[in-house]
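Input: structures, listed below.
The two complexes that follow have subunit A in common; it is paired with subunit B in the first and with subunit C in the second.
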Partner chain A sequence: MSPSNSVLEEFAYLALSLIALGSGLVAVSTEQAVYAAVALGFTGTSVAGLIALLGYGYVAAFHLLVYVGATVTFMVFSVVMMRQEPRLMRSLATVSVLNAVLLGLVFYMIAVSTGIGGVLPSINIDLGRVAKEFIDDYWFPLLLVVASLATIMIEGIVVARGEKK
Partner chain B sequence: MLGPLDPLINFILEPYFFSPFIYPGLTIGLVVLLTLIWAERKMAAKVQLRYGPLYVSKQIGGALQMIADALRFFFQEPIIPRQVDKIVFLATPALALTVTVLPFIFIPAAPSYVGVAVSYSLPLVLALGALIPVVIILMAWGANNKFTLVGGIREAFMTVGYEVALFISAFAAALYYKTLDLSVMVEKQASLGLPGIIINPIAGFVFFVAMLMASSKLPFDIVEGEQEIVAGPFTEYSGILYGLVMGASYLYLYVLMLVFVEMFLSGWLPVIHGLGSIYPALGGVMLFVKTYILLLFAVFLRGVYGRYRLDQALSLGWRRLVPLSLIAALWSFGLLIAGV
Partner chain C sequence: MTIEMYYVTAAMLFAIGAYGAIAHRSAVRILISLELMFNAELLFLLAMASSIGALQGMILALFVIALTSSEIGVTVPIIVFMFRILGTTDVTRASKMKG
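Showing the complex of A and B:
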């Protein structure tokens, strides 16, 4: 990797991290549900960018597809349909702050124990091999999952078709 | 003479610049936009026994009308109403256009010619496209107007209606090709000697209809519905801001049509020999020709179809397209098992 590429990557990493943090804060602090959902979308997009920078573009694409596009639209849809504006309960504010501090400490401890700034070993995921192992070693749970998903899908279609009656 | 300009020219000709900004990206996209809107208006006028655009450049059938309109958008004062959320109101048109242009980086334009080559270009293009409804909903909310809100809610409804069918039909086609790379899909069609639409016609049909729903084109322009809600989420926009949001929806149709042609109509095949040796991107001229013809067909539908109601479109999405897309996936699976 050339030095200019490395600098660009570090800049992108920093920018995406800041966007993720900033939009995450907006998501939990804004009073408008739609803005909160969209801010969450920005957080998801930046996290997808960070995942891609770490070398897992495939995961990033599906993160974007499922957790940003579909989920955010669905959340906006639900909020508008349900007309339920989320409200921050004052009694929970202290607990939330305490929770955030504790979580921060846990992440810090993990970072210290794994060595900050150290190089983590890269993992190469062979999706074909993963699929083969699933089919060979875990065929029964896989069958159950497929059957459950198919049932849910059929139920969904049946419910949708039944609305007109 | 060109010595000092060489680095600049080389930079422009690099695929990572040329693809998103020249072809198939923004520049050609703009040409497509201007000519397509003119063709749409002309065709709709012919069907309805009118002239359509005529007075600007009468000799060439009013073809310059769109350039006149574009210039008007540029020099018109954009009005910012008092009740809008100013930052969101001003930022979302640019954001919508940016998100629409991003997929061009990953769409191969010619044999071995793509801005950024990745082995999962199909989900990446669809994922970037899935961000557009979020921006439109934000736009509708920020404009703070009854018509924009109704348009925003319609957009959310429509997204839920078409997205599942669009993705399943695309992955049904990918299942048969055993790849998520659009370039490899074209190569597979070449090696089979058949376009994808013959191999899996159900997936092709579902993708085409869902694509029209995704880009809010008639008969599914429910989000804008000008006789009902003025212009939906775009109601409060004027001048260049309106030009940007209107252009974004046409550009998204162009993006999806490129993907459709690559998945189901053999992409850039047959390659016209000699063009690719001048500049590799020119090898994709057939991709552009096929895409443009299909775009003309898509906008022609405006003349012959009435607008669907929201409930009709959702019913079509969930009761017809989703089951059909599942059948398409089973079809691909069956072909693979049968070893066809």
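Showing the complex of A and C:
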């Protein structure tokens, strides 16, 4: 990788990380649930960008299409139907900040203790190979995922029909 | 660029999500916070997988994203029904729902 590409990559990483963390903060702190759901969409988009920077272009595209494009949009439209909601539990706010910091530290320590680190390797995965792995080795989990998504579709139809009077 | 930088971002995002999941009373806000934690976990998983098994990590990530979509598809209608029945999404009042 040329030095200019490396600088560009670091700049992209910093920008995407800041957007992801900033949107995350907005999602947990804003008063309106709709804005929180939209902020979650921005976080999802930024995380997809970070995933692409790691070298997983297909996963990033899948994350954008399925997670941000469908799931978060579904959540935004559902939240629109609800009124103003209860606020923070003030008694738990301080404890939760402390807990969040400790969880973040534990999360990081797990990563450090496994010894996995260093410079990012370049990743080139053939999509045909992934599809072959899915069909040959992971056919049962794939079947379960398809069944669960079909269940969601049926559930969506039931919810959309509403209650019979 | 090092993998540790991605760990830091994932840890911070996870911490923000954990704060929201504990501190909020609204089911919608708790779900949104849990989704922030999911995004952090996904980033963490793929950062780790880039060193020890890129293909398996990619397959696991695809499954996880699909299952999370299913999870939201189940959870959001439950919250909608809760709002229809109770008129609120306050989780402290969820025990008043009848099965």
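In this text, the second predicted complex is superposed on the first by the 109 of 165 C-alpha atoms of A that agree within 3 Å, B and C clash if a C-alpha of one lies under 4 Å from a C-alpha of the other, contacts with A are read in each partner's own complex, and residues count from 1 in each chain.
FYI, contacts are C-beta pairs under 8 Å (C-beta built on N, C-alpha and C of every residue); 3 or more make two chains touch, one makes a residue touch a chain.
As the structure is a prediction and not an experimental result, all values here were calculated from the model.
Contacts of A:Ala27 after superposition: subunit C is touched, whereas subunit B is not reached.
In the superposition on chain A, contact of A:Glu10 is made with subunit C only, not with subunit B. In the superposed pair of complexes, A:Tyr58 makes contact with subunit B and with subunit C alike.
Once the two complexes are overlaid on the shared chain, A:Phe74 sits against subunit B and subunit C alike.
For subunit A, the partner that touches more of its residues is C, with subunit B and subunit C as the two candidates. In the superposition on chain A, A:Ile157 makes contact with subunit B only, while subunit C stays out of contact range.
In the superposition on chain A, A:Thr45 contacts subunit B only, with no contact to subunit C. Comparing which residues of subunit A touch subunit B with which touch subunit C, the overlap comprises 58, 62, 70, 72, 74. The part of subunit C that touches subunit A in the complex is made up of residues 1-20, 22-26, 28-29, 31-33, 35-36, 39-40, 42-44, 46-48, 50-52, 54-55, 57-59, 61-63, 65-70, 72-74, 76-77, 79-81, 83, 88-90, 92.
The touching residues of subunit B, counted against subunit A in their complex, run 118-120, 123-124, 126-131, 133-134, 137-138, 141, 153, 156-157, 159-160, 163, 167, 315, 318-319, 322-323, 326.
By the touch criterion stated above, subunit A contacts subunit C in their complex at residues 6, 9-10, 13, 17, 20-21, 24-25, 27-28, 33, 36-37, 40, 43-44, 47, 50-51, 53-56, 58-59, 62-63, 66-67, 70-72, 74-75, 78-79, 81-82, 85-89, 92-93, 95-97, 99-101, 103-105, 107-108, 111-112, 114, 116-121, 123, 125, 129-130, 133-134, 138, 141-142, 145, 148-149, 151-152, 155-156, 159.
The touching residues of subunit A, when paired with subunit B in their complex, are 32, 34-35, 38, 41, 45, 57-58, 61-62, 64-65, 68-70, 72-74, 76-77, 80, 153, 157, 160-161, 164.
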